[in-house]
Amino acid sequence: MFGSGLLKGLGITLRHALGRPVTELYPFEHKNPPANSRTFIAMHVNEEGAPACRACNTCIVGCPDRVLKLVKDPDDPKRAVEFVVNSGRCTYCGLCVENCPFDALYFTQDYERATRDKGALIYHLIEDGACTHEGEVDRP
Amino acid sequence: MSAAMWIHALLWLVGLLLLIAVVTVMGVWWERKFIGHLQRRRGPLHHGFHGLLQLPADMVKMISKEDIVPDSADPWLFQIGPLMVVVPAIAAMAALMFAPGFGLLDMNHGLFYIFAFQTLLPLGFAVIGWSCASKFTLIGALRAAAQLISYEIPMLLAALGVVVAAGSMRLTDIINAQAGVWYIFKEPLGFAIFGIAVLAEMNRTPFDLPEAESELVAGYQTEYSGMKFGFVQLAEYSVLFTGSYLVSALFLGGWNMPFLPASPLWLLLKIVACMTMTMWFRGTFPRLRVDSLMSLSWKWLLPIALVNIMAVAALALALPGIY
Amino acid sequence: MVNFPRKGVEGSTETMLLNVGPQHPSTHGVLHMMCEISGETIVSAKPVIGYLHRGIEKLAESRTWQQDIVLTDRLDYVAQFSNEWAYCRAVERLAGIEVPERAEWLRTLLVEMNRITSHLIWYAGVTMDIGALGTPFIYAWVARERIFDFYEAVTGARVMPNWMRLGGVHTDIDSAMLKEMRDFLERDFPVEVDEYEALLVGNEIVQSRMKGIGVFSAEQLVEWGVTGPALRASGSERDLRKDVPYGVYDRLDFRVCTDDVGDSLARCRVRLAEIRESARMCVQIIDGMPGGDVRAKVSRALKPPVGDVCVRTESPRGELGVLVASDGTTKPLRFRVRSPIFYNLSAMPHMLPNHLLADMLVIFGGIDTSMGEIDR
Amino acid sequence: MTPEVRAVLARHGAVLDESGFDPRADVARDAWRACAADLHATGARFFDITAIDRGEAVELVLVLVDTPSTQFTLRTSCPNESLRAESLAGVFPPAEWGEREVFDLFGVVFEGNPDMTRILQPDSSTIHPLRRSFELEERTW
Amino acid sequence: MGVVDDAEQPGFITTTLDKLLRWGRSRSMWPVNAGIACCSLEMMTTGAARYDFDRFGIMFRSSPRQADVMIVPGPITKKMAPIVQRVYNQMAEPRWVIAMGSCAISGGTFVDSYNVLPGAETILPVDIYIPGCPPRPEALLYGCLQLKKLISETSTIGSSRKPMYVPPVLPEEWPLELLGEYDALEAGAVWVQPERDSPPVTPLGDAESAPEDEL
């Protein structure tokens, strides 16, 4: 019959209208992404509180977009004074975390980092020798 | 005109304008909410209780938007365009009767008056489309004009069937004549044709070619920003309200309900049901193509509408008591 | 386009140049179609591309072989796994790298699931074009979200997985996740696909809009360089998974979905059938998945031997060819992507004349463009 | 490779080399269009036309599919000083866009192509990026 | 008390009107439906059922005239720059720009390419930057909520608004067709860089941090 397809379509949409919506109320129900989800990177801290990075440049060379920047300690080539990641240009491919021989880098579960000025997207994971914690997140 | 008539008319005018404002605000909210749930999502939710404050926010924002007049547009027609659509839509509501004797003016040619103003709409759309001087609005306007004109004739003929049955064009007579059996059961064919034709008059899916999102960006309203866009939406929802009123008054028995005392509440329920039906169609059906739209009207609806009138007239003559 | 404006099709009205511009709700990205229309019928159409030309092929020449995989995701950003696999297969064949068994099975699984999500985006695009206000689009997205959660749990990112490596894959999938996805694909997903079919192919209005529109024979399409589901809808059996079996396709039993009518509705039926076929294949792959490691030892400073190779893969949109040339250094000499939609789109000026404006979107939806791969 | 393709290549004096992954045939530049037309006559399906910059010359590569499971490449090279070649647009319709892209990115002009303009870059662009002479400058650290 | 005393001490009516306008504008942000590349996928996903945009009154409008927010989801190439600029100029005035994804923020992985502009900031005054490649739908929603906060904090009195029309600011080596002030296309005119009267007002950041080095 001519209208059977149309009526079936209406039936489907009505069944969904009366069914339960699948919306997740994001800002009020905050769900963390799965464990190995590639979001923003951060630096581990080894047992005596110093950053776990050994300034071996593997991640700097391995990064396809040259997004990481490392400043070595002049007198101790095994220690990094400054480690900068420009997450405004990073493509979150995860090669740095994968290539690091000392597993110093890891992925935080945090993705709420929209900002009003571009400068805030340059994160100094190591600042003059010490690990900086990730910025706190202001809920809207 | 006596003073009482003036006051009555003025009060009803303010009442009608308020009615349109409420219809538009609640209509847009209910449409976004209903189509949201149709699509398994929640629709406006966080601003006000279940999004009720969403529409006032849209209104405030639209009022304060910049009013752009493109250089290549014809300034005068561009400004008048939305008015030429809103004025007929609102004027057509003057003849609506919500209860026996409860209405602005119970004209004995009420139906004729409503259809007279509905025929002005294609002119308004054509003016909007032509004055914006953009290709998309031009195509949208010509489509709107062609569609409205070609679907008016089946609508009139189907309504003629009802007028023949009720014997008068006064809305209260038509509705009172349906106290026993509604005309939907006496003239099912007429109801089908009238429903399809009114759907096309209101530019609702599956006939919403004038504002075809996918082909013509936004159809004839492409160039409108801010309050002009608000006006066009106001006109769209008042035409939707008038269309739903006509379907519920002519075929669904207006304010009388079987086994229950007659009251304007039933009329309101039927109007809301008809509007929800159009939203249900809008959420489900795709859009017709232009030539199949035209062929549906001229080759299918028109002949069947003529057959319907002949049948109704013949039945009215043959067995006088049936209507 | 040369002597414009010309007389209309029947010589009645002058033609009008309508720019279905780069920013348009239904051009699936930044495609600019210059149509010359007379009234509503299209006299001639000329696609203008290049609005998303990021120069990926030049960028790939300044990165090592391993780092280029990040770029391949961004080629056809809707069918990411098949781009990665095409590139990996080309370089592995050039460098003679042996891929472990389980990696081949995992790759085939993720590419077939990617075919489902890619066809669901095509489905959303087509229903939006014919005006269904996005209801089928949003239903398709519910199933797609379910598969995207699986991608994120396995590869770490939803849209840009960067999961394949030269010589295998980055992470393994544990059996619990596989089991859960198998149940979804075997039980709930076919029910959803029946719904999609009812909303699109079953609907009379859609049939009136698509039946008999854009009918092209297989020979014509081959002549114009069209490949993939658009060609299979005209009766041709060309499917690289059967012609040049790679991965584990020779160990799976699946049929090539074809249709012999060749109009736009047939193209829709073929793609919906391919969604079902891919779901069935995924279930077979998960059942037959062997154990073993997932990645062969390949040094990051890989230096393939001098020479070049062109490898063809079946992407959801057609035959995706990757030509990789190496001059013995750690950086590729040439990385050429033969995009199936680039040549499908080149057939549009032959397909569109004397159809209506509304038909343009229906025919256009038939070849399912995604601009990332056309502009590279 | 099917025997007819082999015969056509032999007739046009193409140097056949089957040692690589796929058989490749090098043909002189002036026999490029005639050989392609004959190959088209034998039923070989057009797959892709592209170019590789070998430093002193740009090598044109035409990838054709003779049987569904096998493919072969027809190659010719244009020295840097005269980047010209005959267009295959008449023989293979999709080649028109392929050649426009090779012109856009390499600068090889194809005579006989109906619309020899840039396809990917804006028309106002003056560079041919995929040539080795064009260096990408690294803008940031 | 009057409606507009002067910009410094706005009267009672002006402040409440200002609060009402800010409330209205922040509650109904209509983005223009302009998908450029992979980030437009995540923009569509945010519009779909699971992370519904419509909950916050964010509804996609296909015509730039009726839109307030322009989300730039992808890299802006040389050929696309005049189109994006034109769409921005066609939008009605209280309008904002969200740079979504690394490509729109800074050119992302294609920043060295010969055909990609280093970020949407070169041709548009950007308000909110959403990092990610592509950012998750929740991150886009979080960015939109940040924009909502920005709008409700931006006073509509006084001249803190951005310039009406943003003249093209591209270096000469990318000659582009010059488009008219709004959208009349003057074919053939080659673009000559006019002096910018004033650099676009840097967006209201909480910390006016100077960008350390070339980004």
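A, B, C, D and E are the chain letters, set down in written order, and residue numbers restart from 1 in every chain.
Going forward, a contact is a pair of C-beta atoms (placed from the backbone, for glycine too) under 8 Å apart; a residue touches a chain by one contact, two chains touch by 3 or more.
For clarity, every value in this text was computed on a predicted model and none was experimentally measured.
Chain nearest the geometric middle of the protein is C, using mean C-alpha positions.
Look at the CA centroids: the one farthest from the centroid of subunit A belongs to B.
Among the other chains, the CA centroid farthest from that of subunit E is the one of D.
Separating the centre of subunit B from that of subunit E, both taken as means of CA atoms, is a distance of 37 Å. The geometric centre of subunit A is 52 Å away from that of subunit B, both derived from CA atoms. For the pair subunit A and subunit D, the distance between C-alpha centroids works out to 43 Å. Centroids of subunit A and subunit E (each the mean of its C-alpha atoms) stand 24 Å apart. Residues of subunit D in contact with two or more other chains: 121-122, 129, 134, 136, 138, 140-141. Shown for subunit A are the residues that touch two or more other chains, namely 6, 9, 12-13, 16, 21-23, 25, 33, 64, 86, 89, 91-92.
In subunit B, the positions touching at least two other chains are 36, 38-42, 45, 213, 217, 283-285. Residues 2-3, 5-6, 8-9, 12-13, 16, 22, 33-34, 36-38, 62, 64, 91-95, 98-99, 107 of subunit A touch subunit C in their complex.
Interface of subunit A with subunit B (complex): residues 6, 9-10, 12-14, 16-17, 19-23, 25.
Listed in rising order, the residues of subunit B touching subunit C in the complex are 35, 38-41, 135, 139, 205-206, 208, 212-215, 217, 282-292.
Contact residues of subunit E toward subunit D in the complex are 78-79, 111-115, 118, 175-177, 190, 213-215.
Residues 121-122, 124-125, 127, 129, 134, 136-141 of subunit D are the ones that touch subunit E when the two sit in their complex.
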